[in-house]
Amino acid sequence: MATVKGGRVAVIGASGYGGLQTIRLLQGHPGLSVSFLGGERSAGQRWSSVCSFLPLPDDPKVESADPDRIAACSDFAVLSLPNGLACQLAPQLLERGVRVVDLSADFRYRSLEQWLQVYAKEAGSLNRQDAELCSSAVYGLPEWNGPAIADAKLVAAPGCFPTASLMPLLPFLKQGLIETSGIIIDAKTGTSGGGRVPKEAMLLAEASESIAPYGVIGHRHTSEIEQMAMEVAGQDIRLQFTPHLVPMVRGLLSTVYARLRDPGLTAEDCTTVLEAIYRHHPCVQVLPVGTYPATKWARHTNRALLSVQVDTRTGQLVLMSAIDNLIKGQAGQGVQCINLMAGLAPETGLPLQSFYP
Amino acid sequence: MATVKGGRVAVIGASGYGGLQTIRLLQGHPGLSVSFLGGERSAGQRWSSVCSFLPLPDDPKVESADPDRIAACSDFAVLSLPNGLACQLAPQLLERGVRVVDLSADFRYRSLEQWLQVYAKEAGSLNRQDAELCSSAVYGLPEWNGPAIADAKLVAAPGCFPTASLMPLLPFLKQGLIETSGIIIDAKTGTSGGGRVPKEAMLLAEASESIAPYGVIGHRHTSEIEQMAMEVAGQDIRLQFTPHLVPMVRGLLSTVYARLRDPGLTAEDCTTVLEAIYRHHPCVQVLPVGTYPATKWARHTNRALLSVQVDTRTGQLVLMSAIDNLIKGQAGQGVQCINLMAGLAPETGLPLQSFYP
Amino acid sequence: MATVKGGRVAVIGASGYGGLQTIRLLQGHPGLSVSFLGGERSAGQRWSSVCSFLPLPDDPKVESADPDRIAACSDFAVLSLPNGLACQLAPQLLERGVRVVDLSADFRYRSLEQWLQVYAKEAGSLNRQDAELCSSAVYGLPEWNGPAIADAKLVAAPGCFPTASLMPLLPFLKQGLIETSGIIIDAKTGTSGGGRVPKEAMLLAEASESIAPYGVIGHRHTSEIEQMAMEVAGQDIRLQFTPHLVPMVRGLLSTVYARLRDPGLTAEDCTTVLEAIYRHHPCVQVLPVGTYPATKWARHTNRALLSVQVDTRTGQLVLMSAIDNLIKGQAGQGVQCINLMAGLAPETGLPLQSFYP
Amino acid sequence: MATVKGGRVAVIGASGYGGLQTIRLLQGHPGLSVSFLGGERSAGQRWSSVCSFLPLPDDPKVESADPDRIAACSDFAVLSLPNGLACQLAPQLLERGVRVVDLSADFRYRSLEQWLQVYAKEAGSLNRQDAELCSSAVYGLPEWNGPAIADAKLVAAPGCFPTASLMPLLPFLKQGLIETSGIIIDAKTGTSGGGRVPKEAMLLAEASESIAPYGVIGHRHTSEIEQMAMEVAGQDIRLQFTPHLVPMVRGLLSTVYARLRDPGLTAEDCTTVLEAIYRHHPCVQVLPVGTYPATKWARHTNRALLSVQVDTRTGQLVLMSAIDNLIKGQAGQGVQCINLMAGLAPETGLPLQSFYP
């Protein structure tokens, strides 16, 4: 008897940017469908009054995230909530048989202790049960954890900066081609990464016509990147990560600097390293030597564009990676994980080509 | 008898961005005035028909850059021309007694050989005489070469990236506080740095809503930065410089990474290093620890905003520097040099405060 | 015997914005496929070297637009060329049995005389044959000329401004609800409407952080709008059309002012007028009273968003219409026409929902 | 004995956009100085910690707006507060001899009844005393009410839309050259007009890459424009005003449509009308026929750029007006009023030339 592929997906936090992207991606998806729209603030309202520009069939109501109601109609749930809320809702969904993809940071660390350290302020609600959940959650980077994701009950989708930064870096760590000390990640993101809740710094009047670093030293994504980097490298890693806010809506560029162990390697050699690892991954495109990724090329797609350059004077490796922070860096990656969990090809229903310009 | 301070300034290349900024800055300058508008394409036209939105008194004509005409009415000339043209005009002006500030790259290298290597394509016109001029030209970074600039006949204003990158870096090189290997400069600029001549990559439709690296490895400003860095450090330096194009008109941010020799130094210590060196320089503002510069804070000003952070886990120093690429990174720095040459305070007539937002 | 639906489409002018959008829309289209890539400047090159970020299967070569080569592999041709070129190529394609959708202005006027008057500068190449073609070409506004488009050999896709302006206006002209004198169209467009050829005014440094009118009185689209308006109204119309350049890549908003003949009509009444006419047109969305269209809601979609408001003090009608200038205003409308010509539903393969934000 | 000109100015609401602009304009003003910084939220803090990028001499403290404290050190007060607050503070300042320029809408209507109608929500605090104040306040459009402003105790600075719209319109109303019915104002503003308090619609992620109308029919500025238009025309006027939100920080463009009474008037004639009225007003620049204003030309200046065009087919007049909404549309106009009140030339200390681009 054939296994049924596909499934019904509840979207919790429907009117935020993560929720909106997820709903949009599931529209027209050949194997997945939206089964439930969860949102506290807009509970009870018709979707058309929450979001007039993205009409949904039969104009469903947004509802409060009741676990029984969700479980009655859903195989999967995507949680797009502020940090500290998913860890309360996820257990209730899991025990009712709903498989969960969480877009927040709640389950990204294997160790509850580390989570408490990094996200202390939001940690009030965590309890013993969550420690077990933390260690059982799968880090949802499909190109690196595909089989584990396919079998998972609970997936923690990576942050946008870790996604962009790890994609070009992990192959070199895995192959042992670079020094593990002195790695520097200089990352640049559009303002939609800050979410839809109004903040002064994200006003157009403030953020437009300006670029600025923020969270220099100790940004939360540093430890998330280090965790996965250490797992792949098999050794301790302390790296530098500096995010910058760029005056654009979407797009995230990560420029990664590392020292080659063998200074004789060329840009062509290093491009081959990336191509070898990502050859069968349709959501990754390795650019030819000398072509550098613009975030616009990745916009509205679930694709990561990677490029390599080498300074033969110094043996320095420069890795560049461009993604759409709300798609491959958030909702698209979530859908990619559900695709795997539902037995579908990872790229099913996901846009891979940008509308340029 | 009192020395007369101030002077009359010819602006050559008046309708490009460098020329426009220079003219705007000289409007209302208490010690300098515009004496001549040079421009080949618009020669013979009234200024109001070239640039209706920046009216000048008596609406002068734009003229072809005739050395005799210029010398008859000018003490100084600012050359804002494409690379390879200033080196033809400058000697003619100098021999007529006009002191020259060149905004192009023509005189930025002490060695003609290096210039030929880096700017080979434009080098056709250079000859023996220029080799002497090259070595006699003063690199126009006023905070570091003030006395030499004051006495100079020919000043080469630094590039925008070198200005922003050297300002925070030089103090640490001078004091010997950082390793001279492994320095990484990740820089971000608005599109006006590409000039006013139309190019596809600089169209709003192309550059907006996107960030991308370019000129990775081997960008021309690398060697310009290295030359000045080596001069101050007194030793050989090979550093990494990666420019990125940011979707904004103006502004340039340089994020510089270096390893501290003494990992015990704190961000406060390093801020003190900057403050000690720049205390009496009104065009530099050192920000308190934990405040990071936004380019918007420097926009339309001749000020460089500097900030430092230290990762005590790794002993890594992170330097941040924001300027307006067309003012402190180009025309404002040119006027700052002329101020010194004319016996005026360096900041005379230069805006130091931004209109925010 | 079943009629075969769908077809093979040649795209001429492949690397301009119109060509790029057409190719992107045909990727994944269930009934149409790209059969030929025409481009003079890039003839002979692989597509991947022209446009690395939009990979096509088998990486085809761009070719010179040879009519025989096109006819051998294509049922349809989309011409995305500068004004004055399509009228040379179209006849050669038509006589070889290729049905043509032209995105330029060459066939938008029924009268060759008017074309010569408005587009005089480009008119050198027009001859007797074209006068016949002009009068036989169908104006490709699918919601108004659907049956004629379905049967047409040659379709002239409307300009972006006429599309956005006519969509809300025509219903009121058809029903005789507004005065035909005193109609005012104040339109706003992103800079991609200016095409991909570099122009100073379209540089990010120039166009960003600014809005300005252009072509005030006598813009070419005035007469194109008037032609279609008169056809539907059955009487002479002289209207006011003022375009403005807005600092964004895509999007076009048309705000149309007209006087109601019956000042007692409400916004609800007028919304009903639009709904009645567009009810069965999936590429039009009429917004509820009090909701006004943002161009972002239409971005990357083939949808026109319409809204109405009435000033009961003055009997003035305000119509608002938002489209993506490169999709519903250009390439998407072209594909919509081919859908009809190929016997497909008009919205086949066309995106109707935006990725917001 | 010579009258002392100039004065000391208290800025109340110092950290909002209106306050910031006022402070910036008073820096370096030859006749006015900042005497007091008022702000409730940041009361007690040093200015440098509120606004690190705009250093003030001696780094003053921000204080609560105590009338006695203000009166002790100030000749003038600029109130940059939300609607409904100035009307509480102004009487207390006036009775202590401080002359007030209010940037809010509290005193823009001569009739308290109308104010209550339009600004009902904020009107709770208004009382009998205010009705007298309302009728005694002078509408602060210096080019039209100069002498009254010079003598005023209380000036209500006009809104940004009324400023831009009235400047080109009033001359034609005054001369009786246009029909007073059917006037249409289609206006476009940057997002800084929405202030610094975070709102979802003003986030870069929402407002960028989009243009949209808002407040269609019945926007508050409609009645403010009508009040002044009627005063100058001497007859009843009902006009159409539609604002649009443009993806830029600053800048406001007003496109005004009206019917000429004498259809034989040319664009040249109409330009002469503007020139005749504004000849001696240094904050107004009338552009030559065929040159249309870009808001960027007016950015960071206190200048209004005006242009006229005529459609000889229809006798329709098109007026265009560009200002910086935070300078000539707000704080700059406030300073211009104080200049007059202090016996200075109106443009004293105000920037009239933009840094382009």
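Per-chain numbering from 1; labels A, B, C and D assigned in written order.
Basically, a residue touches a chain if its C-beta (ideal position, glycine included) is under 8 Å from a C-beta of that chain, and two chains touch if they have at least 3 such contacts.
By chain, UniProt protein names: A, B, C, D = N-acetyl-gamma-glutamyl-phosphate reductase.
These numbers were taken from a predicted model, which means no experiment stands behind them.
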item	value
Contact-richer chain pair (by C-beta pairs counted) among A-D and C-D	C-D
From subunit C, the most remote chain by mean C-alpha position	B
Whole-Å separation of chain centres (CA-atom averages), subunit A against subunit C	37
Separation of subunit C from subunit D, taking each centre as the mean of its C-alpha atoms, in whole Å	40
Cα-centroid distance, subunit A relative to subunit D, in whole angstrom	46
Interface hub residues of subunit C, defined as touching at least two other chains	17, 190, 192, 196, 205-206, 208-209, 247-250, 294, 297, 357
Interface residues, subunit A side, partner subunit D - complex	17, 190-192, 194, 196-200, 202-209, 247-249
Touching residues on subunit D, where the partner in the complex is subunit C	181-182, 184, 186, 188, 190, 205-206, 208-214, 216-218, 238-240, 242, 244, 246-251, 253, 255, 257, 259, 292-297, 299, 309-311, 313-314, 316, 318, 320, 322, 357
For the subunit C and subunit A complex, residues of the former touching the latter	17, 20-21, 24, 27, 51-55, 192, 196, 208-209, 249-250, 285, 287-288, 291, 294, 297-298, 300, 305, 326-327, 353-357
